[in-house]
Every structure is written in C-alpha cells, then in structure tokens.
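The structure follows.
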Amino acid sequence: MAAPPAAIELDGLTRRYGERVALDAVTLAVPAGATLVVFGPNGAGKSTLLRVLATLLRPHAGAVRILGRELPAEGWAVRGRIGLLTHEPLVYRDLSGRENLRFHARLHGVGFGRVEALLEQVGLHRRADDRVHTYSRGMVQRLAVCRAVLHDPAVLLLDEPRANLDPAAADLVEPLIGAESGRTRVVTSHDPAGGLAEADLALGLRGGRAALVGPAAAIEPAQIGALYR
Amino acid sequence: MSASAREHPTTAEPAPGGAPPEPRLVPLRAAVRALLRKELGLELRAPQAVPAMALFSVTTLVVFHFALQRGQVEGDLAAGVLWVTLLFAAMLGISRLFVADHEEGGLDGFLLAPTDRTALLVAKAVGLFAFLAAVEVIAVPAFALLLLGPAPGIGTYAQLVALLLLADAGIAVIGTLIGAIAVQTRARDLIVPLMALPLLIPVVIAGAKGTTPLLAEASGSGLPLRWPLLLGLYDLIFGLLAYALFDYLIED
Amino acid sequence: MLYGTRLRALSIATLVTMIAALGLAFFYAPMDADQGFMQKIFYVHVPMAMVALCGFVFGGIMAIQHLRTGDARYDMRSYVAIHLSLILGVGVLLTGAIWAKASWGHWWVWDEPTLVSFLIVFLLYATYQPMRFSIEDREKQSRYASVFAIIAGAFVPLNFLAVRLAQAYTHPRVFATADGGLPAKMQLPFYLSLLGMAMLYVTLWRYEMASKNTSAKLRSLRRKLGGDEAVAPVGRTAAPTLPSA
C-alpha cells in the first residue's frame, strides 16, 4: 500500500535576505497529522521557514509542497488550509475581538457561528465586544489563536504559541493548537526537552542550514543545546 | 525561482495523491466587501484621516486668504485655490493609507486569506475615494463660504461634483499605489508628496482648467468636455496599471 | 553580457560624432534671425531631451522585464538607465533655460509645453533614487523601484498630453517652418547631434554597467575565495546589488 503523501515536503528550500542566506537547502517531509518542532537560535531562520510555509514568502530556490500543492504557483489553492500564529497577533487594536474575528471569517469564507464557538472556547466571549487595545497580552494571544484556527486549517504553523499565556489560558487553547487537534503542526521552540516531548519530527536550524533533522525519538536534548553554541 | 512563478489560479482540480481537492477560494466581491467594512469601520470607530484632512483643508483656505491677500476669488484663481487645497489634503490621506495595516500586521492577515490580492487594491482605492469625497463634502462648502466670490447654481455644482469625483478616482488609484510603496520606506511622510504630486499634475491640469469656467464671475460656459475626458483617460490608464502592478507591491 | 568590450572604440566614435555635430551647428547651420547665436543651443537641448526621454522609457521596459523574470540584472539596467537620464535631464533643463532666455528673454517660460512636461517628468524621476535608498530590504527595493519605473514610464506620454492640452496656444517653436519641417540646413547638424547624444548615452550606460558588474564579480570572487567574512557587507545604497553568481 502506498504511503500517504506528506502534508509538507521541502526539497532544497532556499531563501535569501539581501546577501545573506536565511534558509539554505532545507529538505524534509512532514507526514499528515505529525508535529514538527523547529529549534535554533534567533536569526537561524525559524520564522522565515514558517513564513515560507504560510505562503507569505516565495522560495528563492528549491521546492515546497504543502498538501500536495507546489508553492508559490499553487499557493492560492492551499492558503485556506494553513493557519499561522506568529509573534504579531495580526489583529486591529481599534476593533473589538469579535469584529476582528468576523473580519477574518469573511476573508476566509467562514460562518460567524464558528467565531462565537471559538470565543467561547478560549474564554473571551465576555470581553468580545471590547476593543483589542483594552486586552491583556494573554487575551490578545488567545484571540490570535482563534484567528489562526478560525478556518479549521489542516496545517498549523506556530511561532512560540504559548508566549504570554498563563497555564490556565494555555490549557484553553491546547485543544485548538495542540497535538490532539489532529492537524499537521510546525512549532518553533526554545525548550529542548519540552519541544522534543511533543514532537514527532525535529529540525534544528543553524545559520539557515538544517543542522539536525529526524524523528524526535532519535534526538537528544543535548544535541539541541549544541545548536545554540 | 523566477517572479513568473507567481500564482496562476486555475480551475480547481484534485491534487495528486488524493489530498483534499477543492481549494476554498473566497470570491473577489466578498473579499472587497470584508476589507471595505474593516477600512470604513476603523475610520468610523477611530476617526483620524477624514477629520484631519477636512480640518487641514479649512486651515489651508484660511492660509490662502492671507497669502493671496484677497477676500474673494473667482475664475481661474478660485479653481487654483480649490484644487491645491484638495490635493494637499489628499497627501495626508495617502500617507496614512497603509500605515495601520503595516503596523498592526493586518497586511499579513489579508495575505493569508484565500483570495485574490486585487481585493486589497480595490478596497483601499475605494476607501480612499470615499475619504476624499467625505473631505470634499466639508471642504467645498467651506471654500464657497470663505473665499468664493460668485455663487454657482445647482447645475454648476453638479458639474463640479462630477469633475471632483472623476479626479478623486485618479487620486485614489495613484494614492493606493504610492501609499503601498511609501509604507515600506523609512521617510514615509516625505516621500509621498514627492512622488504623488508630479504624478497628479495631469489631474490638477484637468481639474483646474475644467473648474475655471464653473467658478467664473460671468457664468455661462459650462464644463468643456476635454477635461472630464482627460481625467477619464488618466483613471483608466492608471487603473489598469495599478491592477497589473499591485501584486508586486504586496507579495514577497 | 560583457559591457566592457569595445568601450574605447565606442568612446572615440561618440566623441568624434559629437564634435562633428557641434562643429556643424556652429558653422554650417544658419544663424537664427531673432534669437541669434544662442538659438544654437537648440542643437544640444532637443537631442538631449529626446535621448533622456528614451532613456526613461528604456528604464521602464527593463523594469517590466525585471518583474517578469525576477532577474536582478534587469533591475541594474533599469537603474542605470534612469540614473543617466536624470543626469541628462539636468542638462536639458539648464540648456532649456538658456534657450528660453535667448528666445523669450526669461530664464524660464511656461509657454513651451515640451519643456514644462519635461520638468514634471524630471521632478518625478528625481524621487527614484531617494525612494530606493529608503527601502532597506534589497529585494523589495528592486521590486518597488521597478514598479515605480513602470508607473513613471506610463506617466510620461500622459503628462505630455495633459500639458499640451493645457496650453491653448503653443508658442511658435523652431521646428515650425512654412511647410512644417526642419529647414534643410538645420537637419544635418540636428540629426548628427541626436546621433551623438544617443551614442553618448549608450557609452555612459555601458561604462556604468561594466563598472557595476565588475564590482559584483569581484565581491563574488572574494566571497568564494575567503568565505563570507572576507567580504564587507554592502551598506545601505540605492543601487541594486547583483547577486553573487
């Protein structure tokens, strides 16, 4: 029986930034439903990788395939199935939480019922009509999580998702963005032990190059630590 | 990877390997509506652009009074004062057009959506057009009150409005292009007038020349047809150009 | 493409053509009855303007190619073309002013639609380099510059049309004769000067392209031999950086 196609396939992905190389011939494959955790010091290319996978940046060389679609030519076909959560929450501070989510819902062709359900699930429904600039950072992060999963993406790209979240809030969002959500996930992490624990696959980036790549079970936290030196 | 590998939406077909086939694409009209709602909603919620532009217009009219040392203007002088005032107010609006998106990451939010990028161009241009029209609702009566000598009739006003709307369309298109360029530069507020004003000179020419007979003391000759036609040509050419080029400004 | 070949031959040919054209303009072409000797600046002013405008349009075409193919070399060609046209543009405005003084007694007149349109175009393209300089990201800088070059290129004819329409009556220009063309004795010096100006532009363009290409290759070689550390990072600049081959 043929193996199901990988959700994410990278083949020599290269992306430059000016004269520097932000990503250098990165190659890996992530099966559907698996979790890839990306480690590496700041500037190693983790955010760039996520942005390329989110179809926000074009690859300068190499191939990127998401859900069988080649980027950038077929980015339009697969964008609706990808969710991105980055350092920036991507919400407008002068609009309310509900208005922000409704805006994204319209852009993704998603009904408002889902907006209400998500607001309820992360515990924001009572403050949903307050403007985002009145939210605490944890609330903004929770709203951003809602935004990221609003359209029920098959692939989730998470850049340090639990930043600004206290344990209670982290528990609220876990079913949406955690391993049990059933989505293919790419998560960046600075925590070797914790990151490896939730990973199926691990990628260690250093200077844009894949210094480490393989099943998480075969990688030691010490090897991750070595990336930072 | 060349820029020609930009996206070419084709009809949906099943991806190899039996992965979920139908790409969910949001139609252009829905995306434009969503963006416009956000755009106008933000302005209504936290008014910045329109009040500033309107106030700036009125202040400019007062400055003109002292600079020209006249209590009343008519004919070509009136046309000139009106168009310079509107143009400079537009510069303010253009500078601010993409700032909120750039600072709050709204642009990425849009780029992640499964929709044609042209929606952003249309929404921003329509939004700017709406802001300019709103400013004119305040600035033109203010001008009539403060500085205009002759009292134009309804027909004249109608022609003036028609000319203004055509000009606003051109300013909106150019403004969206320049605003998108400027938001990526470091000296945003400086670069907008430098780039936009020369580009808008044909609009000023057509606008001022067209308005002169409308505001003349001896009213009689209406709007010569060549000026609305010139504006229409300008709007068409830059509209098409904007449509062709906008993707290159917002995609990486 | 090697730009450095035949530069010397081209330079000499350009010099010869221009000297010949100027000589003809001084001695062979007729003296204008009203404007006197200063009218002869026309033989420099108009060819310079025509070449500068062609240069701007060429820059726009290179920009279109750049966006279509993503090849940074097109961006370099576009940049150099516009940059040179801008320099020529300064010359056009200066000689235009001299001619205006000679013809109409003022250093600037608004009656001449071509000169006025040229001023507007010049003001627009003068923002090209500052705009480039203020965008730090290299790739974005190139892309945005190309978009601007295309917008500006499309603007040139539209602007000329608009300014023309704005002038109810065009001031009689030296082109007009009883039958509408250049009088015979003016044609040879004029066309020769036009050729010379075009050759000057091409020669300067090749010089600058050769220089930039060579610098890029040098950096690339240094990087290959010494690693990334051997090459100082390029500071902020308005000029495009060619990718290391």
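Couple of notes before you dig in:
As written, the chains take the letters A, B and C, and residue 1 is the first residue of each chain.
Rule of thumb we're sticking to: a contact is a pair of C-beta atoms (placed from the backbone, for glycine too) under 8 Å apart; a residue touches a chain by one contact, two chains touch by 3 or more.
Bear in mind that the values here come from a model prediction, so they are computed numbers and not experimental data.
Shared contact partners of chain A and chain C, listed by label: B.
When you average the Cα atoms of each chain and compare centres, the chain farthest from chain B turns out to be A. Chain pair with the most C-beta contact pairs: A-B.
Among the chains present, the centre nearest to the common Cα mean is that of B. Separating the centre of chain A from that of chain C, both taken as means of CA atoms, is a distance of 49 Å.
For this pair, chain A with chain B, the centres built from the Cα atoms lie 36 Å apart.
Computed from the mean C-alpha positions, the centre of chain B lies at a distance of 31 Å from the centre of chain C. The set of chain C residues that touch two or more partner chains comprises 137, 139.
Residues of chain B in contact with two or more other chains: 1, 252. Shown for chain A are the residues in touch with two or more other chains, of which there are none. Residues of chain A that touch chain B in their complex: 4-5, 54-61, 67-69, 72-82, 84, 86, 88-95, 99, 103-104, 106-109, 131, 147, 151, 154. Chain A meets chain C in the complex at residues 16-19.
Listed in rising order, the residues of chain C touching chain A in the complex are 137-139, 233-234, 241, 243-244. Touching chain A in their complex are the following residues of chain B: 1, 5-9, 12, 15-20, 23-26, 30-31, 33-35, 37-38, 41-42, 45-46, 100, 104-106, 108-115, 251-252.
For chain B in complex with chain C, the touching residues are 1-4, 177, 181, 184-187, 191, 194-195, 197-199, 201-202, 205-206, 209, 226, 230, 233-234, 237-238, 241, 245, 248-249, 252.
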